[in-house]
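Heads up, there are several structures right after this.
Both complexes shown next keep chain A, but they swap its partner, so chain B is in the first and chain C is in the second.
Entry: the complex of A and B
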């Protein structure tokens, strides 16, 4: 992908609202305005799409040479040396006000039930402009309020202002040209060819770029008011591209949206639907009452002193399947005991661990003299020419840089079969090795698991809960070796310790003489 | 047979001849002599452009831009080796306009000769004639003429035995007004929706398929062989200083003899209405008139002595446009008339630009309301304010202006009538409702 960034290109001098600024002549005037912090509204213009100049809301006054000043669409006007631009002249202002009034003429003004309210460009600019009352008493257009455009998107034709950003997205970005404006004049609507549903892995982007609430995500519809979402800058975990995203959390609890964030070097303005809707691993429900497995693991569980897998001991305080809840300190002690007593030790990392966590795991491996690898699943078949790499390991590059080899699930199983004790580290690690493979392990390996969920595996000794990728800090290296920082968008459930700390404490505990590890000090 | 005019004519001279559409007849009357002269002498392409520019010929498609000057915008072929095209705008859709149709159906070879000379001047390798979708006969006649000319070695490779190659292709529109806008026409020719392109880039730099292109109206091109043969000075001797030559005035509406008349630029509108068209029909009085199609503002009866040339009509507050006069008699409510026009633009707006898409609909709704007797006191002011928000030059193309201009002219030139209609909800005295007649028709249909 090429970057639209203007760095390093020759610039020319223009007058912008009274001050002389440098502007890139290869870019439309609106970019120069935005680059210098001058707010010019826009609906049809989007920096990632070719400009069409149809909404006419970005009109500004420009004077070039001796000609009298003209009001022009800033998105279709090239920057020229010496041009004098006034975005706030009375004429420019009036032209934009008129344009806004026309756009609102048929707009349903159903902001109170619109998902876009709060982040709607039309709402924002209408508010800023401040004309409280419309002058139209004519009936508004009656059109479809909820037309399904496939599995991802629903269209509200009444709210649509026909900016054609979505049409151009499928032309310019995916190259599939799936949407079109059909009909003429005020009867124009957005439609798919022959009413076919939208396809492809990038449909969700059109909801982001829609300046109004016409295109909304079926998964986000009526889920949250956007002003209740806390947005945190982070990176996507679903493939090794590591697209820049914001994680949007409702009331500090539920992750409601992953949305792309501009990154000129990686994903531009876009992300795939696989990453956009990857809520499965961040929204794992808590365990059923009385159960210790199958839900999000907080604190820790361990194999009961008297139990064996599948056979609970009634009335002994031991869980029905031989697992019991313990606090983190005791679990760590138990893990350290197991590790200290074993002969052959192995550490298997999840490809989701950050560089910081991998560093802590390597420290533990050195203390134990254990072999370290990460589980490397095969390509998942989602690869495309745009963003998705098809490699589900967000930190493959980082782990390889640290010298940790990636092994396929069968090779991991073979390595585990030879070990006495193994530590499985990081979110999704059990899933990626395969629960069947872990359940069928022979040779009596005892498993110490640090994952999001505990499973009642026969070899399970101890399982400790860990934060998922929206609950931790650290960084990955993406497929191109670029640093992808993670930030805490939501705190981990109570009782879940950061993985680096757990690994550090474990390393500290196994370094002590046997018998002294039962109490781990924090 | 066209009636004999009291002034020298040339545009319609062959139109009344039997079999005027045939190559043989065209040649008998001096056809293709100008092309022979240009190719055999040979003229330099720049010389052809120079004489057309010098003649003062202004485009007959509505905007009135100098045809020769437009040709000079084509890039220098020494510096720009791209393919070059000439597109002929035969999408004659402006309400009231019917002049190009006469030329295409009755004198197709005249247009073809003009195309070939013009293509030679701008070094175009092909000409595309974009014909309005409803003009089936024009298409058929022109296509037959092209076939005839091709067989006679006048179209294709090595025209008239010289090294000049030029193809002429026909393209039929599908009935959209917007495809008569030059960039909408090019989009349509390319097989896309007729959405006008923002300018710049202009067609001369980035036209058909991204190549340098000139778009000219049928009548403009039809003038070219005459100018080449008779000289710029002859052409300038007709008409006024700023508007030269004869033009075709298609007069319609409430006159006794509507039709297409060849008149010199600068003739008074009264002369056209009273002498050529036989005056306002049924002995009624003139109320209003459009000088050049529905998108030029209506003028009051008092302005009927205005000379029909670009500058005089502009000074009178309107535009010469396509020279298509529409005459309205005293029984018509102008709000109703304007409503019919507003409905047309509402229907034909392509829908790209906000002002045009929403504005044409809004004007249509308000005028409809007033016409139906549900007007409000502040409606005329609102109409004016909205029309000012749609024009001038606030959108990609001029359709928004075309819808706004007649509305502005209505509220300016006929303010009292509009205000009274809006306030009282009644038709002006002596008027017969055309909407009521339409309702009756629909009820019987």
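Entry: the complex of A and C
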């Protein structure tokens, strides 16, 4: 978070818990507290939304001038010069505790069931500050526990504390104002206008900003307890914006959530639902038993020595389709032999490769004297004014900076048709070129594929498994040329080598005379 | 270096027989006392309400598990013996475990799960025996863990009584 000193804005001096600090007068007091490491609880306040001061949990004691100190809501009070702020005074604590008691008055005690438990602001502050037992003998109000608000969100009206963050999200951020607080007094609930389901590509954000477990994602509901998720700082792969996200993995295996992470230059606090639910690109099922293709490729497969597409070789251990599983070293040796013997070579990159992997691919291309391009699919029509660029290539800018041209799938096919041997590099590269285009390639081009999945293409010579974008390190450049770092959120399946290492070994092996490369030694 | 001087044996000790008789007299006296060994598998151990055996899941009177798969026992388990996956159900209690596994080879019978449970869904039963032919069969799933509430009632009453006593004697308001 940027401090007022670093932004160069005019600042004023205030007293905060006994020490003199500089604060930005255009910001509410709660921001000054948070910027200086003073923890003030907040439910209705969210730094990305306009403040309303409805929950009153952020009350602090402020003394201005000669007037006696007053308890004010820190989110609705602007910073003024000479303010003396005490967030920990007995009066402030008492006021906050009383607010909390009223917020908990109708809040159901279903933390064991609630998905928010563990990352719930209400739970945390009630544990820290609240009293153990309620004093009310009135029954809690009974409302709908499971109201569907469209395809993405479920509302639990009993848990809602009416902070109106979700209402303001649709007003301030998307500008569609789809939610409202309806009803009066104790009968107030969050509802959509006319009961119409929520629409748009940004609905998932309201589940993130909900300070309690009232709004939950249908896709994540009851999937995991949040303290079992390992969170890794990374970036989204679904468009060229490259939103800052955390990847949350259950038991080191399954990616359960992508959540936005604050990035002032790119996505603020938000991300789109396309990126949020892009599990299909990282959760690739394993191959069917006995099959080598169609599922996540963990090792390597190659066309059997005598195998022909569509024909097995009886008694040779070669699979029914003429493919056999081999270890990575042998597969690399086979690939190097094919590349060394060929006349015309082409390298096609996936737009998902990192700059580091692209560098290794360019090194291989220099060794081979091959032409390099990347597959550039057309815009996917998801573009909007907020975040999604509509361009499904997260590293387009980076590859163009390295001088790799982007070609449409048909141009790639034309280039492949002219080559003797082609190397297809990176996750989903076959899918983006189009399996039917690759299957229809004529002219006997031999394909060396480094992808997540092996497909039984007629020209397939060797296929090697690679890590997907949550399993590797590296960086992309987003549409504005900003560096987007990837981190390893879970380890790649056993047998899968980093793509940079595979390309480096291949480049080392093709330099040697043919035949000597039967097996690459590490 | 120390040179040890062995004690010179007395005549009675050198004769050997008096000492033998002294030892046998203890043996013969025990013949006529009550035996303290137990014929264990045929003659089971006495089970008390404080017996803290293996953890078991409570099945409520309506036939559903009391567990809502909140994962607190999983988090409390010091031996990482418990694994829970929940799923949504259509009842007012919105979630129940799809998979609830206790690796009984890992379980150290500490009772933290019983203490952590907010729903009175897991209790330490009086079942003590644990033997099987493979490791996989000792990872108990819901089928092997569930018990009707009546089977655990003695322990449930005991835990309630102990907790009440603790609550009343507690100095915190």
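We take it that the second predicted complex is superposed on the first by the 515 of 522 C-alpha atoms of A that agree within 3 Å, B and C clash if a C-alpha of one lies under 4 Å from a C-alpha of the other, contacts with A are read in each partner's own complex, and residues count from 1 in each chain.
Just so it is clear, contacts are C-beta pairs under 8 Å (C-beta built on N, C-alpha and C of every residue); 3 or more make two chains touch, one makes a residue touch a chain.
Since the model is a prediction, treat every value here as computed from it, not as a measurement.
Of the two partner chains, chain B is the only one that A:59 touches; chain C does not reach it.
In the superposition on chain A, contact of A:468 is made with neither chain B nor chain C.
Of the two partner chains placed by the overlay, only chain B lies in contact with A:73; chain C stays clear of it.
Once the two complexes are laid over each other on the shared chain, residue contacts for A:404 go to neither chain B nor chain C. In the superposed model, A:448 makes contact with neither chain B nor chain C. Shared-chain residue A:49: touches no atom of chain B or chain C. Once chain A of one complex is fitted onto chain A of the other, the partner contacts of A:185 are limited to chain B, with no touch recorded for chain C.
Chain C makes touch with chain A in their complex at residues 68-72, 74-75, 86-88, 92-95, 118-119. In the complex of the two chains, the chain A residues touching chain B come out as 52-57, 59, 70-71, 73, 76, 95, 98-99, 101-103, 105-106, 135-136, 138-139, 161-162, 164, 180-181, 183-188. Note for the complex: chain B touches chain A at residues 176, 193, 198, 346-362, 365-366, 369, 382, 385, 388-389, 393-396. Chain contact summary for the complex, chain A toward chain C: residues 111-113, 117, 145-146, 221-223, 225, 227-228.
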